[in-house]
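Look at the two complexes coming up: chain A is in both, with chain B in one and chain C in the other.
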Partner chain A sequence: MNSVGEACTDLKRDYDQCFNRWFAEKFLKGDRSGDPCTETFRKYQLCVQKAIKEKDIPVDGVEFMGPNKDKPES
Partner chain B sequence: MKIWSTEHAFSYPWETVIKAAMRKYPNPMNPNVVGVDVLDRSLDSEGRLHSHRLLSTEWGLPGIVRAILGTNHTQTYVKELSIVDPSQKKMELCSSNITLTNLISVDERLVYRPHPQNPEVTVLTQEAIITVKGVSLGSYLEGMMVRSMSANARKGWDAIEWIIQNSERERSSL
Partner chain C sequence: MCGLQRRTTVVFLFGCRPLLLRSGADMGRYFHSEVDIKSPWHQVLVAFWQRYPNPHSAHVLTEDVLYREVTPSNHLLSRKLMTKTNRLPGWAERIFPTHMARAVYILEDSIVDPQTNTFITKTWNLNHNTLMTVVERCLFQEDICRPSWTKLRREAWIFSNVYGLARPIQEFGLARFKSNQTKAMRGLEFALTRIQTEAPPHFHNDQEEPPDKHKPLPPQTTPTSSQTPRQCV
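Up next, the complex of A and B:
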């Protein structure tokens, strides 16, 4: 699966592999030991945030519909 | 505004379904989802995992349709928030489109829980609120969207099953 930023796809893949392993083998089994993926996540995030800005994707300022909330127009 | 809801049972235990749900894309049933990114992820004080994700979808809209919609972008984007509670065995996802919001809002909520009587079965309850804005055939279009959501929901369930079966195939060939 690709990233929204084409240049970030490899970093995303590294992070996803780390996360999926931790999620299945630790998190779901109740193991509360530390998250081993923070470094790969950080590198991946730097790339993604840059791509989002470049593509002008409106990720901020949208609240999720809750029982009392209304989504702002954009 | 139209509200749609449905329920589906997977013949797999909760952990199996959740692992598949977290890795749902790519899959052959949802070819329009072309990108998935994690924007943020954290554990809260109760040990629940919160994830913020961005999904990029490509519908292959012809140029003239894009001109009518007033958009230069070929991709639409969806923001998804999920919470996985491993001790309560509950996964909740909320998603909302963040582009074309001046025309349409599709807000979806999915909850995966074990079947109350059978731990080998997982129940997915799904609901959506669809609002088409500022168009005179709004109500008619909303009705069409609801029918489309039912077809898409079925694809979503097939996608989860496909991911589960693919993982089982991978494991047995090791």
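Up next, the complex of A and C:
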């Protein structure tokens, strides 16, 4: 899948692979030993945030869970 | 419901008199559905993160994660940005030609709670709001009566502020949403099938143990969606 920043697709792929592994093997199994993807995420974000600014995509200041703020149901 | 702000904007069309846009009394359209997915909750989530691209997602052009955090209460928060094609019917293209020029930017925020096996997503468009806003909320929950199944409750609110055209725009929006949610389910099923049938070299290496605790093996390997009664028998 492509990133919105054309130059970021490889960095995105690296991060996605790291996240998918961590999510299935650690997070879902209750392992809280930390995030191995911090560095790959940082590199990916440097790239994608630049692309977002260049394309003027209005993501800044948008509240988490957006319209009609949501909370997880029990 | 989403609040509508009062505003008035004048739009000049080619050779036509100006259209006045202002908040209308129409509260929009509401959609909801409940689907039973024949796969366990944790597997649905693994597939959810890997669902793009798939044969039914040609309209999704890009996908990016902008934010992730594990909270002190062990909830996983995520924000994704997607761009999708903006397909309008012919009559809308003629009235709103500038809207065709740009893709739709969509945010998808989500919360995974592994303590309760619930996953909530909230998705909405960041642009084209002068034409229409669509907010979708999905709740994926482990089926407590059948733990190898997952319940998906999907809701959407579709509304338009365009004076005099809100109803046909909302009807179009609702029809497109229904079409997209069918594609979304097929895309999720595609990802689930792929996860269930491929060997998992991605998920372990020489240093790690192979997955064992969360080995989901429902009787049938092909996930299907179906409407079934909700009561535990």
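Simple rule for what comes next: the second predicted complex is superposed on the first by the 60 of 74 C-alpha atoms of A that agree within 3 Å, B and C clash if a C-alpha of one lies under 4 Å from a C-alpha of the other, contacts with A are read in each partner's own complex, and residues count from 1 in each chain.
Basically, a residue touches a chain if its C-beta (ideal position, glycine included) is under 8 Å from a C-beta of that chain, and two chains touch if they have at least 3 such contacts.
Everything numeric here is computed off the predicted structure, so don't read it as measured data.
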| item | value |
| --- | --- |
| More chain A residues in contact - chain B or chain C | C |
| First (chain B), second (chain C), both or neither touched by A:V48 | both |
| A:N2 touches, of chain B and chain C: first, second, both or neither? | both |
| First, second, both or neither for A:L28, with chain B first and chain C second | both |
| Partner chain in contact with A:N20 - chain B first, chain C second, else both or neither | both |
| Chain A residues contacted in one complex by chain B, in the other by chain C | 1-5, 8, 12, 15-16, 19-20, 23-24, 27-28, 30, 32, 35, 41, 44-45, 48, 52, 57-59, 62, 64-65, 73-74 |
| Residue ranges of chain A touching chain B (in the complex, touch as defined) | 1-5, 8, 12, 15-16, 19-20, 23-24, 27-28, 30, 32, 35, 41, 44-45, 48, 52, 57-59, 62, 64-65, 71, 73-74 |
| Chain C - residues contacting chain A, complex | 1-2, 42, 45-46, 49-50, 52-53, 60-66, 68, 70, 74-77, 79, 81, 83, 105, 107, 109, 111-114, 116, 118, 120, 122, 124, 126-127, 133, 135, 137, 139, 202-204, 208, 211, 213-214 |
| Interfacial residue positions of chain A with respect to chain C in the complex | 1-5, 8, 12, 15-17, 19-21, 23-25, 27-30, 32, 35, 41, 44-45, 48-49, 52, 57-59, 62, 64-68, 70, 72-74 |
| Contact set on chain B toward chain A in their complex | 15, 18-19, 22-23, 25-26, 33-39, 41, 43, 47, 49, 54, 56, 77, 79, 81, 84, 86-87, 94, 96, 98-99, 101-102, 105, 107, 129, 133 |
